[in-house]
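Data block below; observations after.
Going by the order they are written in, the chains are A, B, C, D, E, F, G, H, I and J; count residues from 1 in each one.
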Amino acid sequence: MLYGEKNIENAHLELWENPAVGRDYEIDIEFPEFTCLCPRSGYPDFAAIKITYIPGDYVVELKSLKLYLNSFRGKSISHEQAANVIYDELYNRLKPRYLCVIGDFNPRGNVKTVIKVTSTQT
Amino acid sequence: MLYGEKNIENAHLELWENPAVGRDYEIDIEFPEFTCLCPRSGYPDFAAIKITYIPGDYVVELKSLKLYLNSFRGKSISHEQAANVIYDELYNRLKPRYLCVIGDFNPRGNVKTVIKVTSTQT
Amino acid sequence: MLYGEKNIENAHLELWENPAVGRDYEIDIEFPEFTCLCPRSGYPDFAAIKITYIPGDYVVELKSLKLYLNSFRGKSISHEQAANVIYDELYNRLKPRYLCVIGDFNPRGNVKTVIKVTSTQT
Amino acid sequence: MLYGEKNIENAHLELWENPAVGRDYEIDIEFPEFTCLCPRSGYPDFAAIKITYIPGDYVVELKSLKLYLNSFRGKSISHEQAANVIYDELYNRLKPRYLCVIGDFNPRGNVKTVIKVTSTQT
Amino acid sequence: MLYGEKNIENAHLELWENPAVGRDYEIDIEFPEFTCLCPRSGYPDFAAIKITYIPGDYVVELKSLKLYLNSFRGKSISHEQAANVIYDELYNRLKPRYLCVIGDFNPRGNVKTVIKVTSTQT
Amino acid sequence: MLYGEKNIENAHLELWENPAVGRDYEIDIEFPEFTCLCPRSGYPDFAAIKITYIPGDYVVELKSLKLYLNSFRGKSISHEQAANVIYDELYNRLKPRYLCVIGDFNPRGNVKTVIKVTSTQT
Amino acid sequence: MLYGEKNIENAHLELWENPAVGRDYEIDIEFPEFTCLCPRSGYPDFAAIKITYIPGDYVVELKSLKLYLNSFRGKSISHEQAANVIYDELYNRLKPRYLCVIGDFNPRGNVKTVIKVTSTQT
Amino acid sequence: MLYGEKNIENAHLELWENPAVGRDYEIDIEFPEFTCLCPRSGYPDFAAIKITYIPGDYVVELKSLKLYLNSFRGKSISHEQAANVIYDELYNRLKPRYLCVIGDFNPRGNVKTVIKVTSTQT
Amino acid sequence: MLYGEKNIENAHLELWENPAVGRDYEIDIEFPEFTCLCPRSGYPDFAAIKITYIPGDYVVELKSLKLYLNSFRGKSISHEQAANVIYDELYNRLKPRYLCVIGDFNPRGNVKTVIKVTSTQT
Amino acid sequence: MLYGEKNIENAHLELWENPAVGRDYEIDIEFPEFTCLCPRSGYPDFAAIKITYIPGDYVVELKSLKLYLNSFRGKSISHEQAANVIYDELYNRLKPRYLCVIGDFNPRGNVKTVIKVTSTQT
């Protein structure tokens, strides 16, 4: 087993101390290479995952985030679930002051879907 | 009759349980291949249909939505009616917390029209 | 005289009943082929006219709107007047709940001008 | 039956005399609203049809061309066949000095296809 | 009658001496505000006119060219004729080493047309 | 001295009566060919000047505005001063209900600067 | 095992008869969702695969092509090899008159790579 | 040592008097050539730095700002720290009425990050 | 008189030795801030100047080229002359193996002009 | 000293065997984060380096190429020299059938320069 495969298998979010704890500032992250499997057909799905948050005591280390998102490659999960699962994992680990997760999925059957989960009620 | 024709003829919106019922999150859907017939001339009209909603107890299954929108291909209906009919069908079936339907029609006689129906008063 | 010329000469806005009277929804219209004459020089001016409204009891029929906008081709009128005259005509005939008219004129002497008239005070 | 439906049902290419017969000049035409039916599934397909030709004794009248292309709406035909059938019809009727027909189809199953038929060997 | 109207009525191409007669260099001109009338319907047509030439003994003065192109505003002329007439006028007056005239017309009935006349056989 | 040079030398803003005095409407103007001189180095600076206003009793005549902006060509003035001077001149002459002046300058030393002066406190 | 997974596991290119055998025409195909594994690290790679060919006796059926390209999801293969393997498979099965395969890979380590294999010597 | 290297080594923000002290106006600055070193790996990072402020008594001189931003070329600093350090330096020196600093970093490991620090709580 | 004004007044092209004399390679230069005066009206004209050359024994030093192009700011010169004068100056000084000069001028009277002078006959 | 710094210090191009030696195919590489120092001023320069080649017996390993290009960060070198040095290094090591190196540099003093070195005489 190659080191990349091992790293993805063992992926978990690593937390770092926020270097500016007393300040409300925003971190935007975009990962355009998300892929998982459709739970009904088994065909692959593709999405860009976009994350915006205002950190509390911690920021997420970027390489561990990439590995965590890579770990969905073999999972069967719907569009709506994928966005909500990523949101919950980030929210529970980071306890940020604000969090928004967007799953921007490639069209399937000519229908394009975008799921947006945010800690502010819209 | 081919299976696709049959599926479109029998199209109706299928509902799935919302996987995150207690949370206000947004679902954006875009379908760029909507076509119907002009009720005055009989010539075809073309539009992109854009739907945004915050689900209540249900989300709409995407393939059934595509088939429902495909079913307008042989219908004679004006721009304003098409947008309002789709809005009503989605609103009555999904009972969402928020709904917006946009019909973005191709120009006719050099005039481009966009119809926007939303559950929030503008 | 050809039928198109006659139609433009006799142009007046035709009203249709609003198919969803009890609902606030938005209609956006764009007409990129507006032309009139500069009242000082007699040279032609060109603009895109953009109209947004929330209908009351009526919607405007699109072909009659196109003919009405075509009828400015031989008129001498300034940028500011053109936008205000179109606004007044639409407002008085449609009695909409909201109306915005934008005249987006091509540059003259390297100066580009856009005029925006709206029923909401800015 | 509305006049538009009748016009499409009776569609055939109308020829006009070329106003500059002794000269090689190029005519480019683009029609973005082509739709037909997939012969295997019955689902609708969508394409832009692009035509370039150098006329011989005739040019094609544009409204009759639009009606001819509209007449594919109810036909079951593959991507490759559609492009070749349109090419053959134009070539046999117009006898142009040069002809190129491109069918630029919307993606199906995330695969985008463009078919290009031309009287010059590539 | 205003001076602009008079200037357009009396429009004719003015020639200037080529400041670099012994050299083959290229002049590209684009005029995006061409409008004329459809000879069948009387409705207005709109186009961008693009001209490329290698001058011989003369170059065309730009203001006189603009006025000449403005003078089509009240003329009934087809797409193909307009491009060929402008080509002939420029070719006969300028006697350039090379000339290309393109009429890039706005869509009519959802069909977009571009006419290209050039002194090189394609 | 040519007439253009004289016109620029004598430039001053000309006011016209507002054709719709009792109404709050917006006028947007963009002039992409502003140039002046850096007061430190003497090198030329370039900018687009963007003006938005809601007129009171007057609107500014566009040709006089162009000449006024042309008159900065030989002046030594900083980015911040240029935007504030233009704002003051327009505000004092037009007494508009609202005014915003933006100076969007080309990069110098790989640093791009935009100055925005507005009658609404931000 | 879901039907999609089975279809991908059993993927092989299906051939259809060319509907216009005696004619040189071009077919362009783009598949933006190609993914495989880096043979050194095990990390996922992403690419768009673009195919252009002039068919001989056969055309490739599009769904079988999609499944064939999906089947690289679990394979460890370099950028250069992937493009050459796909080229060889298509060339040997289709025996086309012309073939070009492009692998347009996402950047790795800020370096973007595109591989182009074609039956015409460059 | 060349003069550019010396200027960067001695870089410090130079302040100029605000030419319009009693007025709230906005200054936007963009510097697309920021580079520093990753504190973990030593590899270079690249970003565009965007600054928006409403000046108090002072504005920042642009060349000194460029030199200050150039001085990060040899520093080991994380994305989050870089944005916060630049914000603190500008805030403490300029004492502006409003300040926003954005670090828009190039992707690393296919993950793109943008850091936004602002004096208004979001 | 400031140093920038002096540098522009004394501008002349500085030549450097070509660092790869025996090799045909291409140098592309673009200067988007060219301005001069119209010889008829005295109004300012604006253009981007684009230069492509294959050097012989010399390359042109870039700052001296910028100053040379800046020196047209006060000159009265037509579009065609400006492009030919710059071409001649570069050709005579650099004696390049190939040279192309393009003057891409901003529209005047809604007419856009591009002049292209090249050492290869077109 | 961090491992990244060490890797850059020891950078040299690593060669891999070409997996399709008997075939002429093209490899395009783009590296947008090239930076070096101006030999006259000491200020940093920035460029995108674009490489196209048809491999002979070897292909270049991409990570070693990135490190090689990173190693220019501290070097004083002109635009023309940088492009020629990279070309020579690649040509001598890879002995490709075709090679093109482009250095696309950011503007300096509002002048943008692109250097293109290729093994085919232009």
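Everything that follows uses one rule, which is that a contact is a pair of C-beta atoms (placed from the backbone, for glycine too) under 8 Å apart; a residue touches a chain by one contact, two chains touch by 3 or more.
Just so it is clear, the structure is predicted and the values come from calculations on it, not from any experiment.
Number of steps on the shortest path from chain C to chain G, with steps defined by chain touch: 3. Overlaying the C-alpha trace of chain C on that of chain H calls for a turn of 145°, given as a multiple of 5. Between the interfaces G-H and B-C, more contacting C-beta pairs are found at B-C. Chain centres here are C-alpha means, and the one lying farthest from chain G is F. Chain centres here are Cα means. That of chain A falls 29 Å from that of chain B. Put simply, the C-alpha centre of chain D and that of chain J have 47 angstrom between them. Measuring from the averaged C-alpha position of chain B to that of chain G gives a distance of 35 Å.
For the pair chain B and chain I, the distance between mean C-alpha positions equals 57 Å.
Across the assembly, chain I contributes residues 32-33, 106, 110 that each touch 2 or more other chains.
Which chains touch which is summed up as A-B, A-D, A-G, A-H, B-C, B-D, B-E, C-E, C-F, C-I, D-E, D-G, E-I, F-H, F-I, F-J, G-H, G-J, H-J, I-J. Only residues 106-107, 110 of chain B touch chain E when the two sit together in their complex. Listed in rising order, the residues of chain I touching chain J in the complex are 18-20, 23-33, 54, 59, 62-63, 65-66, 98.
The residues of chain D lying in touch with chain G in their complex are 78, 80-81, 83-84, 108-118, 121-122. The residues of chain F lying in touch with chain I in their complex are 1-6, 8, 32-33, 35, 37-38, 40-44, 46, 70, 73, 76, 106.
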